Structures are given as structure tokens and as C-alpha cells.
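Structures for review follow.
In the two complexes below, chain A is the common chain; its partner is chain B in one and chain C in the other.
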Partner chain A sequence: MSRLLLFFALFLAFPAFAQTALPPAPYADRQLDDPAMEAKATALMHTIRCLTCQSQSIADSNASMASDMRSEIRERIARGEEPEHIRAWLIERYGDWISYQPTVEPILWPLWAAPLLLLGAGGALAYGRIRRRRNAKS
Partner chain B sequence: MIAEAGLAALWLAALLAGAQLLFAWAAVAKGNADALRLIRPVTVAQGVLTGLAMTLLIILFLRSDMSVYLVAANSHSMKPFIYKFAGAWGNHEGSMLLWVAVMSLAGAAVALFERGLDKRTHIATLGAQAAISLGFYAFLLLASNPFARLDPAARDGQGLNPLLQDPGLAFHPPTLYIGYVGLSVAFSFAVGALLTRQVNARFARAVRPWVLAAWILLTFGITAGSYWAYYELGWGGWWFWDPVENASLMPWLAATALLHSASVLATRDALRAWTIMLAVVAFAMSMIGTFLVRSGILTSVHAFAVDPTRGSFILILLGIYIGGALILFALRAHTVNEGARFDPVSREAMLVINNLLLCVILALVLIGTLYPLLTEMMGVRVSVGPPYFNTIIGPIALALMVVLVIGPMLRWRKDDAKLLLRRAAVPGGLALLALIAIVGLSSRAVGLLPTLGLAVAAALALASLAPLWKRNLLRTPLFTYGMVIAHFGCAVSLAGMASESAFSSERLAAAKPGDTYEIAGMTVRLDSVMPFAGPNWTAMQAALTVSKDGRVIGVAHPQARFFSDPPTPTTESVQMTRWNGQLYLVLGEALEDGRWQLRIWWKPFVTFIWLGGGLIALGGVLALIGRVRRERRNSKAQASAAAAMVAA
Partner chain C sequence: MNKRLLILWVPLIAYLIFLVVASLGLNRDQQQVVQSRMIGKPVPGIDLPAASSMKPALSTKQMADGKPRLLNVFASWCVPCAAEAPQLAQLAQRGVRIDAVAIRDARPDVDAFLKRHGDPFQRIGLDARSTLQFYLGSSGVPETFVVDGKGIIRYQHIGYIGPQDVEMLMQKLREAET
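So, the complex of A and B:
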């Protein structure tokens, strides 16, 4: 149900989005002239989810919505906006789901803590066992 | 008639699986001699029957029998032969039948060829295998019958997802499935050994070839799947951290850990409980993988055959088998002692770290894949994608590779840290040289992880050859070569990944015929875009001439295809392979002013990624042959020694 609602919401949002990008997304598949800016834009595109696709970033999709978003991102970067500012703008508009780069929201803290906890626990376990074996031997 | 015969074969096989479980129990618990004699023929018959059912389903697809629901929903009479053939498992029911068929054929193979285990453990293993099979028979016959009829018959089929109409599909899923199911054999061995309290080096030597075989197929399947996604999706990426990719990666990680801990158990009789635990985890990951892919619970580019209602069935099976195994483990853990001891500076200790890192990576992939589901239950939709996995798993995987440099240089049981430093000096120096070369010579800024990746790859490539150092190469056993080649493959693959991520270049263009583009010292010219017709699709096909220093290297024909049944556009990219990388060419959409979108990538040494994967699998094959030959020779020697004693 929530998925259906989201889909519907996207459907409604799409024309509004397209309006800002029309006439047809000039920078969808055209690189920016400044390589540094293009690199910034590409890096950002790889971390933005294509909302009408399944598990693809907008950099890896043929969907028209992804094209519009690529164009939008390139234009904004060309105007001098910072990638994180654009990401924030996208998240505000479409929700956390759009960003593949997990943010530092509290709900995602366990995700970032997991590697440290696992490595710590595993290391302690291995260290304890190896030391115990040594003691047992001596 | 064919469909009915297939269904009958399946029911009969399910009955035999029930008999197999009963006989195994009677033989192991009660010592019943009749049951002991019957269990092997029953197991083999069950394998033959499911093999027959799978063959009949393939025949139905080849004949395009539209009175069978599955064929009508997934095939089409106009489809090329190979895709009719592969279409038999390109859907939920067919793939579950394939799973069951492979599982009972593997059971038959265990019944026929396993000689290393003691008799009771062998029978208990067959019983465990029957118990797992029964659950999947229930799933197949009650919730996903592949032979259901359609009345009235359809006039023609609905076709197969065009993305799946690729030679890769014909071999990729079966390879992965056999790998998944092979891990069920390791699981059954572990349960069998727990039941008869025979967790020891003999058990490890017996289980190792089966784990190796499963692991080889998983390695090969993942490598092929990655290359398939690379050329078929047309965006130049080779690993997307997509849930379905993760589903195949997790059993592989567990199997890799299991393979190494089983080696420790077989050689040194250490890590007994840990090896059993890994066998359980490996099969749990196979089932979780199947659950994730088949239930459609996660959205994914690869989720072609999904049905949420079936997910719960697999989840229940997962609960029964894994829960049951863990309870058995808890009950028997006190009878499994720790095994032989070892020093912190020893090959065993390095293998413990290897296992630890592999398990941490496995846990992180699992958490990252399931996390969006957890937050969704709390009403928040988040995405966990490549940025998370690459940052978190990249460094841990790199640490694993460093352990791989050191591990094989160490002796079993106890070694000297000073000697290790001396042995590691040469590969260490090479890594340092590589580091200086990259930082000093590269014209562009290279990320930290790719730089370190290339340095470690250089060290690993050299260090992986160390086990052959100062040895008589003709008398070195085959499995040592296997290990060397597999570890060398890791270095090759790592170099490919690092190089691709550090040095790729990209050109996007709106091109008209005659336009030229420069990339990595090559010139790409768009000559023309013409219509083109295939057997069940039409396309626009570009002709691109690639030249270097004024000399033509080749002409590429990427296509933008359109499939009619069902209507879907796809891109058919072209990869021009050079010794030092690949030129990746994609024709996109037509623009309104008559120009065409072109995407061109130069990916230096990207082919090393899959070449390395192939080497890893090849190393596994050599190790498998070497191990099986060694075991056979040993058992022959034992038999003749016993005969000599009797004669004396």
C-alpha cells in the first residue's frame, strides 16, 4: 500500500519536476565542459537512486526520470552548487530513499556502528581463544 | 501426458525421500540391516526421478506446449531454441524444480561416490539430505507446481523477459543453483557428523571435496553473473551491490570461510566446532539467498521471477532447518572438543583471521541488504547502496588480502615472527614500489582505496607464488598448485577492480554520423545508424570505427533493441577488448534533431576482474582433482595394507 502511494506521489511529482528541466533535459547525457565539475556531478549521480527503476542509480539508468535528474544535477553543479546541497534538496523533495549514501540520521547509526562492533567482537573472540590456548600450553 | 508424467515422477520422488529419511533413522538409531541395504538404492532412484521431471519440463518448453501454464506464461513459440531451453528455469517454478533436482542428484552422488566417511555417519548424512529435500518437495508440490495445466490452452506464450534473452542466462542460474545446493551437502555432512559424534579430521577430509565443488560453481557463477550484468545492463558497472547479487555473494563468503576452516580441521584437527558452525551458516545463506530472490521482498534489477506469498514458505523451511541444526549443535557442542592447539604466529592463526574477516564481511552484506526492510517496518524508507558497501567493505576486504599475503608463508602450528618479517620483505617492498609509482607517475588524483588495492595486488601476486619457492615443481601436489593459482587469481581480480575504479574514463555525446570522439588515445567515429532486424526483435544499429594513431583497430556495432513480446527496449553494448583494457560502447536513444546518444568508456584492465575470478575457480578445480586423487590413493593403500595383514 505504501509503495502504491509512493508511486502515485511520484507520478504527481514527475510533471512538476519535468517542468523545471524542460525543454528536454539538455545535460542528461552531455558532459560538463569542466572535467572537475563533471567528476563532481558524476560522483553525486552514482549515489542517487533512480526512483522509477529497480536498484539502479540515476547514473545507470535509461529511464526518462533519471535523465531529467542527471540534467538537473549537472546544471546545478555548473551553477556552482555543492553536491551535498543538491543531495539535501533531493532528500527534502523525495525522502531519504533517494540517496544511496546513508545519511547520519539516528535510524542509520546501527548501520555505521555494525562494522566496528563486529570487528571488535570478532577480534576479542579470536584474541581470547589464541591467548587461552597459549596459557593452556604453558 | 508429459506434464502428468513429470508431476507423477515428482510425487514418487517425494515418497522416496520420506522412505530415505525413515530408513536412515532405522539404520542409524536401531541398527536395522534391511534399512541399511535399502537406503542407497532409494537415494539413487530419487535422484533419477527428479532428473526425469526436470528433463520433462525442458521437453515441454522445447515443444512450446501452451497447454501448460508455466510454458504459456514464460515462453513463446518464436523464441530461439536456446532460450526455450533456458526458459525452463528462467521462472519461479522451473528454478525451484531445478533446485530440487540438483539437490536429489547431489544426494545420489553422495550415496554412490562417498567413501571417506564411516558407515553410520554416511547414512546419517543421507538421512539429513532427505529431510531437507522433503521440505523443498512440499514447497514445489503444494505451492509452486511447475506442471500445472492451462485450460483452454493459450494461443501463444507471453514471452521471456528480454534482458534474460542472452546466452549468459542459459548457464548462469544453473551454475549458481548447483553451488547453493552443493552447500546443502556440506550441511547434511555436518548434521550427520553431529548425530554420530564424528566431528574430526576424517569428517573434514570427506566434506572438503563437496564444499570445493560447490564453491567452484559459486565462484564461476558469480564471476559470470558479474560479467553478464556488465555487458547486458549497458552502464559499464560490474557490481551493483544489488540484493540479488548480495544473495549470491553471501553463500560464497561463507563457503570460502568453510573451505579454509575445513582445511585446518583436515590437516591439523583444530577448529572443529567452528567448521560445523560454518557449514550450517553456509547453507543458511543459500536459503536466505533463495528467499530474497524468490520472495520478491527486495526490489532489485534482477528480481525477474518474484512472488511475495511464497516467501513465507521458504522462510518457514529456513527456520526449521537452520533452527533444528542449531539446536542439534547446542545439544552436541559439549561432545565436540576444541581440537588441536596452535600459536598466535602460525598458519592456523592467520586462517582464523581470514575466517573472522570473511564472516564480518558476510554479516555486513547481510545487514546492509536487510536494513532497508527493518527501517521500512518503522515507517522510514532508506536506501543502502554502493556508497555504503564500498566504503565499509572495501577496507575490510583489503585487510583480508593482506592476511592472504602473509598466511601461506607461515608454518602450521608455530612459526617465528622474525622469519616471517624476512620472508615478507620482498612482497612488502614490491607493494611500496607500486605505491610510489602510482602516486608519482599518475597524472590524476587516485583514490586511497584503489591505490592501496593496486599495491596489495602487486604484493599478493608475488607472495601467492611463495608456496612453490624452492620446491620440485614436478613433485608438488596438484592441490598446492590449485591454492597458488586461486590466490594469484585474487591478486589479478583485485588489480582489475582497483584499476577500473581509479583510471576509467567516460565520454557522453549527442552524435551525428561523421562526428569523432577522443578517448584514452583512441578515436571513435560514428559512421552510420541503420535499422536492423533479429529473430524476435528489431533494432537501430550504429557503426562505430575505432582507430589509434591513424590505424583502424576495429568496427563496433552497438544496438538499441526493441523486443515485441513483451514490448521492451534494451541496449546491446559492444566491448572491444584490448590487452590493457576494454572500450565499452553504447548506442542510446535518438534525439529530436536526428542525433544519437553515445556512451563511450575506456576501462583499463577491467577484464582482469573476471580473469581473476576464472583463475580462482580454476585453482578450485585443480585442488578438487588433487584432493580426490590423494584420498583415493590413501584409501587404496589402506585397503592393500589391510589385505596384507589378513594374508599374513
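So, the complex of A and C:
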């Protein structure tokens, strides 16, 4: 019985991020009618960082700011704005921090160079092995 | 041969370095204060409806009127916003003009908030969907912007205004006069 009560008590609990009584913005949790536009918007939302629940994207976050931002993004996409333009608009206000997409800033050069370096090292290793085996055969 | 053996250790060492960096990174506090990049730029001009039945609406297009002011970003549902009310009242008493924007709020709630915590504001705009907040590069409530007489954002105070911040804000307002 007490377990049952406890179970129902769960429904009385306020969700942690219910910060405001206002209903969510129109396109916070509603997809755009055009699937191509919705795909664009979703792709962008997955790479925009939530300001409240940092380390989550706004697509994953329940924070009210994130839902407002989702709606803002969907409405802009619906008006024909390009995702990268919206990203630039956000970066202009919040800095690179808001975007999960790596930039080409010098600080990230090692990140871009690492795959090439590793590929090169692997290639050199494989080349050495093959040559040695060939030498051994002949 | 010796040299060869040494090379064999390189991947392990690289892996260990990665492990140390990654584990240090995991333990670091990830929550950080996100400063607006709009400092030094004009306040974005947006017309907002009145957030309270007792106060005029807010248009941020009319902020370049020659004298600095504070733009307080708050909400009636935000607890630290209530806690900073006495400090805002003190600033208003000292002649500071304070405009405000209520984020994701409703008029009856703002009215009740003003009745309960005092009303140091000149105008309050209702930002039902955080639009102005995004334009400002503001990342939460409460936040307070110092806007100079030309409508340029000069300073952003993130979080609650404590008693210790009043003098600092007065100083920022004086700096904004020049």
C-alpha cells in the first residue's frame, strides 16, 4: 500500500526544470511540417549547447531556455534561414562555447591534424611491414 | 633493436597521457559562466509588451537617450531575483534608472512579484519566449546589463546582485557616463 502511495506521489513531484508556469513556445516540442526543414533544424539543435544544462544539447535538454531556443531555431528555419547562419548568430552572442561543432581556430588544429598524423603513422608502419615481408620472400 | 623496442612503448605512453587528460577533464566542473559577447555592442532593439499591469512596456530601441541605465533580466519565478530586489531598490533610490525584462513570465505573476518585493523599475517588458534574452547573449536569470547613454552595453553582471555589488554597479554606471 505504502509502495503504491509512493508510486502515485511520483506524479505529484515537480520536475526539476519546471521553472515557469508558461506553456512551451509553439515549436519547442513540435516538429515542422516540412520534413526536410525539420531535418535541418534537428541537425542544428543537436549541435547547439544548452545554456542551462551545460553538456547537453538543446535537443536533449528540458530546460525552458532550451525549449525556447528550439522554437526560435525551427521558426527561423521555417522562414528560410540557413542553419549555419543561425549558428553564427548564436556564436556572435554566446561565443564558440554555444556550438558543439569544432571550428578551425588555431587551438583546434591538433584536433584536425590528429587523424592525418595517425593515418600517416599507420601507413608508414604497414609499408615497412610489407616491404620487409617482400624482402624476406625474395 | 633497442631503438625499435623503445618505439613499441610510444602507443602505451600516448594512451596513458590520454587517460590522465581525460580523467582530469571528467572531474572538472563543467558548469561555467557564459559571458555575453554583446558587451561593447548596441542593445538589440526589440519591442516588448508590458510585463505588468502597473508598468509601461519596454522597447529597447529607445535606450540611446544620453544617460546610462541598468537593464535587469529577471523573472517572477526566479528565487535569486527576489533576493536581489532590496539591492535594486537601493540603486533606484540613488537615482539609477532601471529597466527590466521579465523572462517567460505572466502579467499577474509579475504584478504579485512587484507587490511583494518592491518595484524599482521604470519599464518592464515581457519576454515570453526568451527572445530578447537570446539577442542579449544572456544565459539565465537574474542578469543585469549596464547600458550607456548611446545605448551600448558596457557591462554584464551575471547572477544575483548582492549588497557587495551595489557600489560596483554604481561605479560601472559612472564609467558608462564617459
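The criterion applied here is as follows: the second predicted complex is superposed on the first by the 106 of 138 C-alpha atoms of A that agree within 3 Å, B and C clash if a C-alpha of one lies under 4 Å from a C-alpha of the other, contacts with A are read in each partner's own complex, and residues count from 1 in each chain.
FYI, contacts are C-beta pairs under 8 Å (C-beta built on N, C-alpha and C of every residue); 3 or more make two chains touch, one makes a residue touch a chain.
Everything numeric in this text was worked out from a predicted model, so none of it was measured.
Enquirer: Touching A:G123, do we find chain B (first), chain C (second), both, or neither?
Expert: It touches chain B, and chain C stays clear.
Enquirer: Looking at chain A, which partner touches more of its residues: chain C or chain B?
Expert: Tallying touched residues of chain A, the top partner is B.
Enquirer: Considering only touches as defined above, state whether A:S55 meets chain B (first), chain C (second), both or neither.
Expert: Both partners, chain B and chain C.
Enquirer: Give one of first, second, both or neither to describe whether A:Q101 is in contact with chain B, with chain C, with both, or with none.
Expert: first
Enquirer: Using the superposition on chain A described above, determine whether A:D29 touches chain B (first), chain C (second), both, or neither.
Expert: first
Enquirer: Considering only the touch criterion stated at the top, classify A:S71 as touching first (chain B), second (chain C), both, or neither.
Expert: A:S71 contacts chain C only, not chain B.
Enquirer: Now for A:L44: first (chain B), second (chain C), both, or neither, which partner does it touch?
Expert: Neither partner.
Enquirer: Look at A:L111 in the shared chain and tell me whether it touches chain B only, chain C only, both, or neither; answer first, second, both or neither.
Expert: First partner only.
Enquirer: So which bits of chain A does chain B touch that chain C touches too?
Expert: Residues 54-55, 95, 97-98 of chain A touch both chain B and chain C.
Enquirer: Given the complex with chain C, which residues does chain A contribute to the contact?
Expert: Touching chain C from chain A are residues 19-22, 25, 51-52, 54-55, 64-65, 68-69, 71-72, 90-95, 97-98.
Enquirer: Within the complex, which stretch of chain A touches chain B?
Expert: Going through chain A, the ones touching chain B are 2, 6, 24, 29-31, 42, 46-47, 49, 53-57, 59-62, 95-102, 105, 107-108, 110-111, 114-115, 118-119, 122-123, 125-126, 129-131, 133-134, 136-137.
Enquirer: Which residues of chain B touch chain A once you look at their complex with the stated criterion?
Expert: 233-235, 237, 240, 242-243, 299-301, 303, 341-344, 349, 352-353, 356, 359-360, 363-364, 367-368, 371, 375-376, 378, 380-388, 392, 396, 506-510, 569, 571, 588-589, 592, 597, 599
Enquirer: Under the definition above, what is the set of chain C residues touching chain A in their complex?
Expert: Against chain A, the touching part of chain C is residues 30-32, 34-38, 75, 77-78, 104-106, 109, 128-131, 133-137, 139-140.
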